[in-house]
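Chain nomenclature is as follows: A, B and C, assigned in order of appearance, with residue numbering initiated at 1 for each chain independently.
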């Protein structure tokens, strides 16, 4: 937005001030995320840039905190790094265990949330859906209800039903929390969906199932995938419900981070945080590619 | 953790032939959990072939209460604080134990006399005596002349760490105000006594950093966020001896507390669990634990067996809360008092904190 | 289109009147739509609505006393409030105490009464141990065992506890209690915490919402007016934090703001601050506000952005060409058109902020705690689960009201992400 020629000096000043404010806010948003990346390579156990780091002295940097992610909890972390060492790490290192748990829980929670959520979104998007508003409100509510209330309710409920401390329990809970995101994204894709396409398919003799898989599905797939990504991230980032209902030995990455922050906050936390930032960059890129693909397929101009 | 146990058992070699028994022990984790592993679990597995699965919880009382209430108990032995023992025992959430079956001390003292006062209950057997006390950075301040110095910002400026709970904070405040340890709970039972404790706390409120998890206290001290803090003696010891941090203890007015083993009602392997408790709480194994963490053994007879720390050079006796010199002017937590007053005092404490 | 005009009814080829056929088709269509939603609805009902409903029930239903002290509960039910205990009452109490002590449920009973009257828990457990040995007349032997048994206040507390269903925990949740005569009075000032925490939670959430709007508006405006290629680039700066784990972001703020953190060390290093004059920006209210702002800001920017994108710039140009100053144009033309976006973003941020738990718990210290943290305290530390449920219910009601408002003003189906 160039400054128009007719702008008064005051307006020019104002325009520059405006840009400065925007720059500061954007800096506020991104700086914390950027700053932890170099800090995670600190050779010292501190949360600040050491003099050697500022001087870009290689001695000031190290991978020790990343190494700690592999070794913490191992039986013989000092040994030579042969196959046995890696197996030891794979089976015993705390962060590795947490990552495995998070991946398993996240995968199944996403599967449940995406399947049920997509089906429901298809129903909700139909013009003849009864009580749409109320039902949508109920289905979205897990996103709105404070997490501590959900966790408390699930704690009581799972204690009674024996689901507490089980993977199934956590997966169901995380699926519940992810469902609103799937519904919102898939419904959004369906709003721009051209219904005449399915009618055309039906009039040409396709069964509803065939119509869905050949026509609808490919078109709304980007929405489904981004919903699934949201659901996965929700599960992958969830700690409160896990704290309330998981068994003590069911550690996940966020739970391990939670313990780490409360107990001893060492740069290991920053190392795992950096890895997670890289993961979110990948996710963001995927989302952007999906969005573009979706716009292309639906014939919207890629502006 | 579970896998670690399995592998250790396998290495012990004895497990393979024994019946596939296993018990699950729930405890607090951290350095404390590690010391239990070395002192109790590993020897027990090696001798009996019973697999000991160790699981951690921030406070095991909470999952145990939930499990028993739901009738879905997976834990066989649980490590508890006394107030939780009393609470859970009175609520029928713990098995009543045949205390008289406990072995005599190594010196022949009957178990009931051998255990330190307050460490034997209908439902639980004590393992360690630990204390909440003040530790300070020797490079940032001199020592304390009295507990009152902790509450004197003029004399010793700087941040202090305290546990974020009414328990310990109120007792310490009263002792700093000149109440003798023997009278603390009588004074604290009166409204005027409570006011007096809060008045002391008011003096330093602006300079207190509150911690919750046990590992936070030495961390705050090590980071230099505080010049002194209350905390559990074993946690400081670890930082002092193993990491060489410049910490020192202030022993007078230390507040003694215990940890105990109990069996949840409906534990899947209650019988084996009781065998394990008898084994772990004999003179030898209680003494062994002090080798790995500086908490005092709950049996008097164990004191004679406590030797060097695992580093092989530190004499551990003087670092134990139960060392005679350290016991002077100490206070033992009153479980009954806290069972009765925890709710009202916690609420007042929380209100005080929030305003 | 329906063709249901007056006159002879249209008949389909099957011989069914068209109106009937259409109604049937419509019904079938509705059913089909509903069947698609049904599995998820059932899932959410079981995994979410029922657990929360059950928790609501727990906040008004606590059978700890009634279930374990049946005789004295029956006596309370049969007599009017304020009735002094007679020998029958003391006998019933003694029998129940002995029974509960034997069944090891006396602690449950004592804990329940202790909620109503502090300091009585050990009275129950101690007397329970002796109760089996007491002899009639119990009106004398019980008070002889402990004088407190003759205290009318204790009998009042037991009467309240004997009602399994009751609003007692809601009274506690709003810092009220019952006086001896049964009237509702505030608790002593030094124990009034919950209302103050609710007030603080709402005030902080409001402040955060307003700051989010003030900070988010210019950025959204900038993004909406830049050419798409450049705004997409800047959008990454908003979306990356949005996609990054909450715990990562909280960790980052701890690293930046704590006493030995990046900002303080930089200021000390530059000589602006003295070594012992480090700023306190973490483990207090400042820490909570900064970290929550960072987390919630994208929730304002994104809806504002999508609304601002759709605003036609020709209105503003028309206003300018008609002589309006840039400020007037902004105030009269642009701002009103952004209101839907501001409403959507602000409400969403406020709803999320009111229920925040993790960030205040990690960086809030003592002064930055919110009502969620108190619920967690009663769940995990004091184990007063009924009170936790009552507090949670109050919070839930507040959030659902806001949610309803959101639905009215914005429409849930308009909610967008990323």
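The definition used in the following text is that a residue touches a chain if its C-beta (ideal position, glycine included) is under 8 Å from a C-beta of that chain, and two chains touch if they have at least 3 such contacts.
These figures come from a predicted structure and were not determined experimentally.
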*asked:* By that same contact rule, can you tell me which chains touch chain A and chain B alike?
replied: C
*Based on Cα centres, what is the most central chain?*
C
_So, comparing C-alpha centroids, which chain is the farthest one from chain B?_
A
*B-C or A-C - the one linked by more C-beta pairs in contact*: A-C
*Intercentroid distance (Cα basis), chain B paired with chain A, Å*: 39
*Could you please state the distance in Å, as a whole number, between where the Cα atoms of chain A are centred and where those of chain C are centred?*
23
*Go ahead and note the Å separation of the Cα centroids belonging to chain B and chain C.*
34
*asked:* Give me the residue numbers in chain C that touch at least two other chains, ranges are fine.
replied: 258, 260
*For chain A, jot down the residues that touch at least 2 other chains.*
155, 160, 262, 265
*asked:* Applying the document's contact rule, which stretches of chain C touch chain B when the two form their complex?
replied: 103-108, 110-111, 114-115, 118-122, 125, 190-193, 196-197, 200, 258-260, 276, 283, 365-367, 369, 374, 377, 380-384
_Using the touch definition from the top, list the residues of chain A that touch chain C in their complex._
1, 11, 14, 18-19, 21-22, 25-26, 28-33, 35-36, 39, 46-49, 112, 116-117, 119-120, 122-124, 126, 128-130, 132-133, 135-142, 144-150, 152-158, 160, 172-173, 175-176, 179, 181, 184-185, 187-188, 226, 230, 233, 236-237, 239-240, 244, 254, 257-258, 261-262, 265, 269-270, 273, 276-277, 280-281, 283-284, 287, 303
_Quick check on the complex: what are the chain B residues that touch chain A?_
1-4, 7, 26, 30, 55-57, 63, 66-67, 69-70, 72, 74, 212-213, 215-216, 219
*Contact footprint of chain C on chain B as seen in their complex*: 58-59, 61-62, 65, 86-92, 96, 158, 164-165, 189, 198, 208-210, 223-225, 336, 339-344, 346-348, 350-355
*asked:* Residue numbers of chain A touching chain B in their complex, please.
replied: 75, 91-92, 155, 159-160, 162, 164-165, 247-249, 259, 262-265
